[in-house]
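Just so it is clear, A, B, C and D label the chains in written order, and each chain counts residues from 1 on its own.
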């Protein structure tokens, strides 16, 4: 951490500040410039709050040198983390496909889709039971009944299930019956929820918030990991920008960035990013080419009548053709889709 | 709502789609252009999910004509909503000042600040007991003990208290002991929380999310109002943009926009927007000039030693001078600070 | 085009507005809703300025139905445009590689790099003679001398040259000696320059502005095409978002979007997008996978001593390995790198 | 400037890099941390290109400590710059009003509006002769004829004229006949134009680009000042964000930021920011309250029939009422509108 002092800060104020910082357990180092002086902090600064230092009226700016996250940091954990869920594996050489409908609708629907995507190569089943909707008047998901249906689909296919939690009040049921608990983009900084998930021994799929930086995503992962649960899977799903043609802008540079900064696996959700079914194919291919550890794709047997987000769902036959291409791209970049 | 069809959509498909839409309870109207045809929907479209229609493969785009919110809409409620909390009033001609520290620290701290700001003209006391922090290693607030201290400060000064809720598990305590429940920017689309708050008879201060559009903010207000609680106060607190000099970019155009679209009162938080104490003064003045119904300002008696966000807090004496200027600006725009 | 009228607009005002619009050469169609009425415009609306209509105080909003560009529109030109430059071809099945240093420095430098990249498979040579730099104190390029050196490199290798124009005053020289004239991101809406380029019979490489929407990029292409020059190559090079880890956010969804909306070829610049050499490889792979018609990559034989942007340049040997992988990905998506 | 080195950079590489940097004329200072080492640069770093240093493969990141601009920097020029144009003055205690139509249309139009706004208190006349339009099919301005009409209006009223230049080819005429040359947002980084304007002895009104940071705006001012022309007036006119309700988001925090960083005067353009006439009033008031040195406002006697941007123009009588309120707000913040 580096502290830039204001022009003409009196010497005694500098000394006082340095003394206060040393009490926080780090070494300090003053470097006096012609216009501005800087104080360098040496040691573990993870637990020092830069804003607290900025509150000092002689401080102009505080800049990070070290990343503010520790458990998620590749610096302290150089090997890739690989997370196993039943037969599925996320991280490492393999690319993991997760597929299924936006929301669970009926037993037939979810079971049929589950069988279809399994046959094509998906290793996990996605499906929403609780749906975050912008409008209170939109379909909100089947709730607990949806979870029941997901369990039926799992029983019939053996596919582990991934579904989104929306409140700490749903925690017990999710901990018992769900294989991977998804935290949606809108809850990425629902810190109370993250803390509770940190107490579980269960993989968490953490989606990047619409306006979250890569660093903030990793800090949210750190919340879960700091609680003791290190099974975090990150997910890039598009960020909010000025461009309105696509619903969000898929930030594929985030994948190599995250692979460099962290050891955690990271997957891509091309369906929510663009919000248009015909973009799912090219974006999925790009995601595999750029180095993602997996994909989570919306597949629906009847998109036009889906209760939710049919406009971004592809049909099982499209998914099948897509996976063929993905296998070839995976090979071209030294990866594999089992 | 307007549906733009794809080029060369077969007539029978158009008819089929029109039939389906009519079943949703609205009238339809076809307008055939040389390149693209459009279907207009006439009637109450609030409850029609545009994405469901976009799932139809013949549909190119769906565009809103009417706003998707109803209870928050000024069209159906032309007069300004005025919310009373004890002696305070938000909305109408009066401009309401809310002030206090970022977080509650000690009984002495909160009580002293409360007395100070009351004397200067604040009508409510703000103070965080539960703090949403990016890092799990930062100070997280005093929690329930913080609420106790806020109650002491209220008892000593008579000021109603405004404080942030972070989880549905805190709901009972907040419902009992807090005067205005604040929903922070990160929880603006925590829909489970909004639904629960909709069941209370208690004013809710709803902050705009960092990447939320004005329409999304109003849709979140609609969640609370749809549940039966119409006492919603909106708050602009800066949005995330590419500019990094300020922590966020305060969107003051949102104030006249919201006043036009909705009857709900809207206030401004200049402290969180810029994240720098010396910007609080000019931004507060601009907020009053632009038409805000109030301000929520961080005031701390010892910012340099504040446990949280001292860099954006102003001292009581600065607040006092500021309020003098604000009164004059209020007069210049036909408003009043009591 | 659709015009949404304000609530309670008097009938005679509606009639008057409809009359005025009909004079612009389109048919109009009124659709009266319970809350808001809309006027639909049928015919060629390309030449109608929506803002002029919005100036009418009874108009609430004007929405496009048809794209505002015509010559760039795939609707009126369904087949892909293929542009030939010497032996190179952009558009169609082939993927075209353009490579070279950020800026031309010496005859040896540019010739050596040109030979290297040609051997690896590049079909054109890039190199800046005039450099747009944020700071007036940074190296501004060799100017006309740089163009001389590029011509030497072309003579020695046969590779057509691509280089950036910065002012209409450079037009004659560029028209004579450059094979593809590049318009940089900062000049994408330098309309005077675009108009002049529209008078040439020379391919133009038009880069997307940092904050330009896809539609605005196509409108800038339309400026050139409206002047008579239809040889426009589009280029995605990253947009400005809130994320600061990468210099810009490469918007790969723009590629399928542009392919859908327009017949013009579109390439990707992974070097400027991320601003970091180690991201060039994964982003190039993703660009090919997503459907780009080519890549423009910064390659330098000595990045650490480059006069400009060495931090985003890759070495010739890295480029060589990259191209091997790109060929395989191209095959996987049904394309080819000759 | 601070250089953060990669983890485990060999000592000899660090020494080598330090030697190279010293040759650039600054002192260096190494500070070895447990994880990462940093090199501090002491002296005038304005002319050091941070990207050149980032090109070194051992460097992780380069961070500014000092601002990269010098002539625009308040640090080296603490007093406010005041620019005089005829009787008008921008900077200092006074707030300068500039008003006029979006584009010059006829002699009657421009003269009538000029008289109107002069009477109300405007000290300069704005009016576009060359108009940057997104579409090649929109009205492009009267060009040189427009300049003739502006001169007539100046002769009739005595008001100095402000109008936008779009190309270096217009330079001679502008230098001769225009009082303040405006550089539009789209040309803020048209560096060739900025360099030419730097050679004049004529005030330049430099508008912030749609996606330009405050620092980039100041760097563009530096381009003009480095050429010898220090009469630069900055203008905030809204930035591009995800919010689409307003055309752009007016960034009023930029005003106190610029006042802190630079001695140059800064004004606000509320008309282009929001793109809606009814927002001009509240945004103008906010601009004065926040500390702007002036306003540039679009006033048209017949907005509904304006050839350009009528939707954001206010009528003379609205302007008159607005100025009354602005005078009161100016007084409230210790300023004055003469």
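Following the convention adopted for this analysis, a residue touches a chain if its C-beta (ideal position, glycine included) is under 8 Å from a C-beta of that chain, and two chains touch if they have at least 3 such contacts.
Bear in mind the structure is a predicted one, so any value in this text is a computation, not a measurement.
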Which chains contact both chain B and chain C?
-> A, D
Considering only mean CA positions as chain centres, point out the chain farthest from chain B.
-> C
Inter-chain centre distance, chain A versus chain D - centres from mean C-alpha coordinates, in Å | 39
Chain B and chain D, separation of their C-alpha mean positions in angstrom | 31
Between chain B and chain A, distance of the C-alpha-averaged centres to the nearest whole Å | 26
Residues of chain D whose C-beta touches two or more other chains | 211, 240-242, 244
The chain A residues in contact with chain B across the complex are 46-47, 49, 51-52, 54-57, 68-69, 132-140, 166-169, 186-187, 189-193, 195, 209-211, 216, 219, 222-223, 226-227, 240, 303-311, 313
Any idea which chain C residues touch chain A in the complex?
-> 211, 213-215, 239, 241-246, 249-257, 260, 273-274, 278-279, 282-283, 285-291, 325, 328-329, 331-333
In the complex formed with chain A, which residues of chain D make contact?
-> 2, 4, 7, 29, 31-36, 38, 40, 42-44, 63, 65-66, 75, 211, 240-242, 244
